[in-house]
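Each structure below is given as structure tokens.
You will see chain A twice below: alongside chain B first, and alongside chain C after that.
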Partner chain A sequence: MSAGIGAVSMHGNRFRHNFLTALLLAPATLWLVVFLVLPFIAIAVFSVGERAPEGGYQAAFTLAQYANLPARATAFWNTMVLAPAGALACLIVAYPVAYYLALRAPARWRLILLALIVIPFWTSLLMRTYAWMYILGGRGIPALLAYVGIEDLRLINTPGAVLLGIVYGYLPLMILPIYVSLERLDRRLLEASADLGATPLSTFLGVTLKLSLPGVMTGFSLVMILLLGEYLIPTLLGGGKVFFIGNALVDLFLQSRNWPFGSAIAITLVLVSVVVLIAANRISTRVSGARRVDLI
Partner chain B sequence: MRAFVIAVFGFLYLPIVLVVLFSFNAGQHASEFTGFSVQWYGKALANPFLVEALKNSLFIATTSAVLAALFGTAAALGLARVGARTRAVFDGLLGAAIVVPGVVIGISTLVALVQLFSIVNPFLAEIWPGDQPPKLALGYGSIIAAHGLFSMALVAMIVGTRLGSLDRNLVEASSDLYATPLTTFRSIVLPQIMPAVVAGFLLAFTFSFDDFIIAFFVAGAQTTLPIYVFASIRRGVTPEINAIATIVLMASVLLVVLAQWQLRQRKPSN
Partner chain C sequence: MTAVPDIEFRGVTKRYGAVTAVSDIDLAVPPSAFVALLGPSGCGKTTCLRMIGGFEQPSEGQVLIRGNDMAGTPPYRRPVNMVFQQYALFPHLDVEDNVAYGLRQARPRLASREISQRAGAALEMVRLAGYGSRKIYELSGGQQQRVALARALVNKPAVLLLDEPLAALDKKLRTDMQIELQNLQREIGITFVLVTHDQEEALSMSDFVCVMNGGRIVQLGQPSEIYDEPADLFVADFVGKTNLLSGKVAGHSGDLVDVALADGTVIAARKRAVLQQGQTVSVSLRPESLRLGAPQSGPLKGIVRNRIFLGSTAEYAIEVQGIGTLLAKADHMIGHGNLFKPGEPVAIGFASGTPLAFADPKNNGTNQRE
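Moving on, here comes the complex of A and B:
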């Protein structure tokens, strides 16, 4: 084959190659731009606008909506307390489970147990939260306790119920990344640590926990970010008494129709999420040097 | 530690078991099981609003999952052919589509679409020759689009992971043996990524079928099953809701088990 013909066909190939690549990426690009990037720009623009008298949007450039954020301080306060608390509670329950699955469970059971963790995550959060409404509600556990003489115990519509719902709803999402990072752990390091005279506790703290930290931080930040926008759990288990940012957003967009103020809250929420992600990434990079853990 | 792990599994499954159990309760009351009956299933399926919501949800979930499987797979294949910088941009956007809380996706889609419709509808009315110009509004389309965003990103991620572990030698061998790129794709690449595509489709379907919060914002006048159930729950807990919950939970469990089984398939037999 002469150089000339080769060059010509190379040129044709490259054009075809690029064209096909563009064709493959076109639908996804269009979707990402129209339904992710543009909507985000839209709420950013709305958040510096003003509320029209009849409850829509009026073009403006003002930071008044952001200055007004303290008007929803209770929602922010509840979310900022219960989201980290919920993520921490998830972590405390999740770590031993992930540890057992990755390092202790018999090999033939491992995949089945892992599947049993994943399944609830992919089943309706609404239905699973409903289950707790049912259990904690007047005819559930309180009715059972009344039999043994404990009367008038209120479980549902309390912060405790919301916290329980959070742990129940997001536990799988915390277990998975921790499991992945523990499963990849080089077992020889554990043996080496024990051979060098470390106690089981110091092996755990110095090797296992340290190396699984990227998984812990991934799980923690994901759960926390999703909790920042949670609506169903506080609504169904908090009964309007435990009000989250998600509740404020539903109110502002679907009931009182103050879209600019709602947009400012949404943008703040996204900014907090980004800060959480960056902080989590920093911590895991600093402590273990590992870059990140893939989800799923 | 084993006892603790068993307790956690109990914690995860006991509430679901209770809901299922009480969906077969003959009596009205949630506190006592008075006998076995399937009357609540009959009542649920005879409720026209509920059946309508179920149909809507099935239609929306199927459409958004098909689109997500097609476009997500195409995106994963395309991303395997681009440079590191383009890839990083796409990975960031796809990651954002997965991680951004549903409430923010719902709100921003609502705001953007309402704004878009307020521009497009007068324009359509202007240029339309007949008396009844088409009017764009929130509904099936907006729910499908918003669900499709998450689902497409999910499929792209799952298929992308699979592509990354694809045996390059097979692809090279195929082209060395004078197979056209299309033949190589059909007989080498596609069979290997197919389980990931199917798993992605099933998870996308499950996500859309179960989603409440995104649809809550962008549904307009439409009702999906989770929206209907949410409204019923707020009116009061009844065994009928247990029956619906049981059907939905069992359907999702079946789909997720199928998806997991697909992902675990190592290589196709032929």
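Moving on, here comes the complex of A and C:
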């Protein structure tokens, strides 16, 4: 008898609990449905359609837009080369910084140094990238170099400039997750490794690096995915000569009004991003042997 | 000249800024010994262990391993291995790879067959054969403990260092591991240095106990010596349970002093230091040395306040007017059944020579006890 009553009240509790959970999740779910799921479906539908003669979308079912992807091969190529290269460059610069912050920096400096890394975020990336435009432009570094006799050096509107802008803009996003994973690292594991005869280098490779891999992969996929859709940096520092898929999309949707083709490119981009994310996650869980799956 | 000590400290001092963690320690650990460094937290025992492991450098003095000065030798070149507190097993490696970690660092490289053979043998030694492919987080605390042991011992160190190895285990498992560690040490025959704050653990496992307090060694000896003949009040109080009664020296007779207790009773106690007439002293009386009897049969009179029956023994809390509550432990004989009951008056006696008199630094105002 009492068990029956208990079951009823527990059922009531569970119902209330579920209702509360649903209520709390409703705003975010609504947001995602309206601004992510529905547009995504629309884009997917557009991508198998045709361009209306006056521009825009015209209903159809064809894979012609996907077959046409090679027409934007340069944008894909630039993106597929510069996004991983940019993420890799970020990683190479970020790892030593994160390592120093987490394992070497005096505790009282750590917070200040971390703040210094985050402070640039207080200004919009647009402003900061504009600044680089001037620094790399004709009246910037090339003008200074001209004083010492190095003439006709072009920095702006090159892949190098875009790469520099990428590293500058995305570095903090790489440093922070690596820092977190190194900060969490149990220092006694490093002592245990040394105790077992490992030189500092083998300890770094066998313990530190492996256990910080989830952070590395988080940072790498974060930067990589943002770069796949990057628009601003190639526009300002690549000057239309080095353009990404993002630039192609803007062009297709706003200039030539070829929505179906733009949609096909967008869908492809999303698929590539998902593949990158899954691959990064696989690698980091396998190598670090961790149970946790922390994507970001 | 006897054999070279496995571990030797010569005038070792360790300072962290203004704080002295270890001050002027001399210690020689003979080969194949099981030594416990025992003391309260902050006594410097862990710092000593870490100086042997190479994780800390002495500020002054020398640490020698098998006669070699270890100054400037990094941890990875020392012939010792440590079992860390909470084990510090590598979470990204399975059990076998954890155990094989040290073997993989050997230069010239060992053949991979030898590595897996030795790792397997080490796991067998700690009764974990067949666990090689388990993940660390799949193991219980006791199993992790044994993996840590295997990981250290597989390298055949000259000395095994154990930093509070049993602290994280429950009581039953701890007792089992104590026996297992003792057996292992006898089997392998290398020196074990154990750091612990648990006096029972130190007494039960080791051949020698080194009691530390305030960065110094207070007493070094076999467990029974430490327990029966504590060097000073700190050791008497820290090692085992004891009753401490304060009083004043009333007279001398050879090895014994007469101590007038707070209630006026005078008892004879063995002195453990040079004592002056009239000096304030503390008398240590082990609970098991007290004899309880019918009223008037002993020098102290009290009333039983509490009784804890433990099977083979019974513990009594006895209130003695003017002195305080004393703890007494009496063997229980089956069939006698004559347990004292709470509220019952009893007399407390003791064999002559069992009370020990110590100078009480606290009451004399000289060098404060830490």
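FYI, the second predicted complex is superposed on the first by the 263 of 296 C-alpha atoms of A that agree within 3 Å, B and C clash if a C-alpha of one lies under 4 Å from a C-alpha of the other, contacts with A are read in each partner's own complex, and residues count from 1 in each chain.
The working rule: a contact is a pair of C-beta atoms (placed from the backbone, for glycine too) under 8 Å apart; a residue touches a chain by one contact, two chains touch by 3 or more.
Given the structure is predicted, the values throughout are model-derived calculations rather than measurements.
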| request: Quick one: on chain A, after the overlay, do chain B and chain C clash, or do they fit? Just give me the call. | output: fit
| said: Between chain B and chain C, what opening angle does the Cα centre of chain A see in the overlaid model, nearest 10 degrees? | reply: 100
| task | Using the touch definition from the top, say if A:T199 reaches chain B (first), chain C (second), both or neither. | result | second
| If you stack the two complexes on chain A, which partner ends up touching A:V207: first (chain B), second (chain C), both, or neither? | second
| message | One more residue to check, A:V180. First (chain B), second (chain C), both or neither? | response | neither
| query | What is the contact status of A:E191 with respect to chain B (first) and chain C (second): first, second, both, or neither? | reply | second
| query | Should A:V287 be classified as contacting the first partner (chain B), the second (chain C), both, or neither? | reply | second
| Is A:L163 in contact with chain B, with chain C, with both, or with neither (first, second, both, neither)? | neither
| Which partner reaches more residues of chain A (counting touched residues only), chain B or chain C | B
| message | What does the superposition give for the shortest Cα distance from chain B to chain C, in Å? | response | 21
| field | Footprint overlap on chain A, comparing chain B with chain C | value | none
| Residues of chain B touching chain A in their complex? | 1-2, 4-5, 8-9, 11-13, 15-16, 18-19, 22, 29-31, 70-72, 74-75, 77-79, 81-82, 90, 93-94, 96-97, 99-105, 107-113, 115, 145-146, 148-149, 152, 156-158, 161, 203, 206-207, 209-210, 212-213, 216-217, 226, 229-230, 233, 237, 241-242, 245, 248-249, 252-253, 255-257, 259-260, 264
| field | Touching residues on chain A, where the partner in the complex is chain B | value | 17, 20-25, 27-28, 31-32, 34-40, 42-43, 46, 57, 93, 96-97, 99-101, 104, 111, 113, 115-120, 122-128, 130-135, 137, 139-140, 143-144, 168, 171-172, 222, 225-226, 228-232, 236, 246, 249-250, 253-254, 259, 262-263, 266, 269-270, 273, 277, 294, 296
| field | Residue ranges of chain C touching chain A (in the complex, touch as defined) | value | 53-55, 74-77, 80-82, 84-86, 88-94, 101-102, 105-106, 135, 137, 151-152, 155
| Footprint of chain C on chain A - complex, ascending | 186, 188-189, 191-199, 202, 206-207, 210-211, 287-291
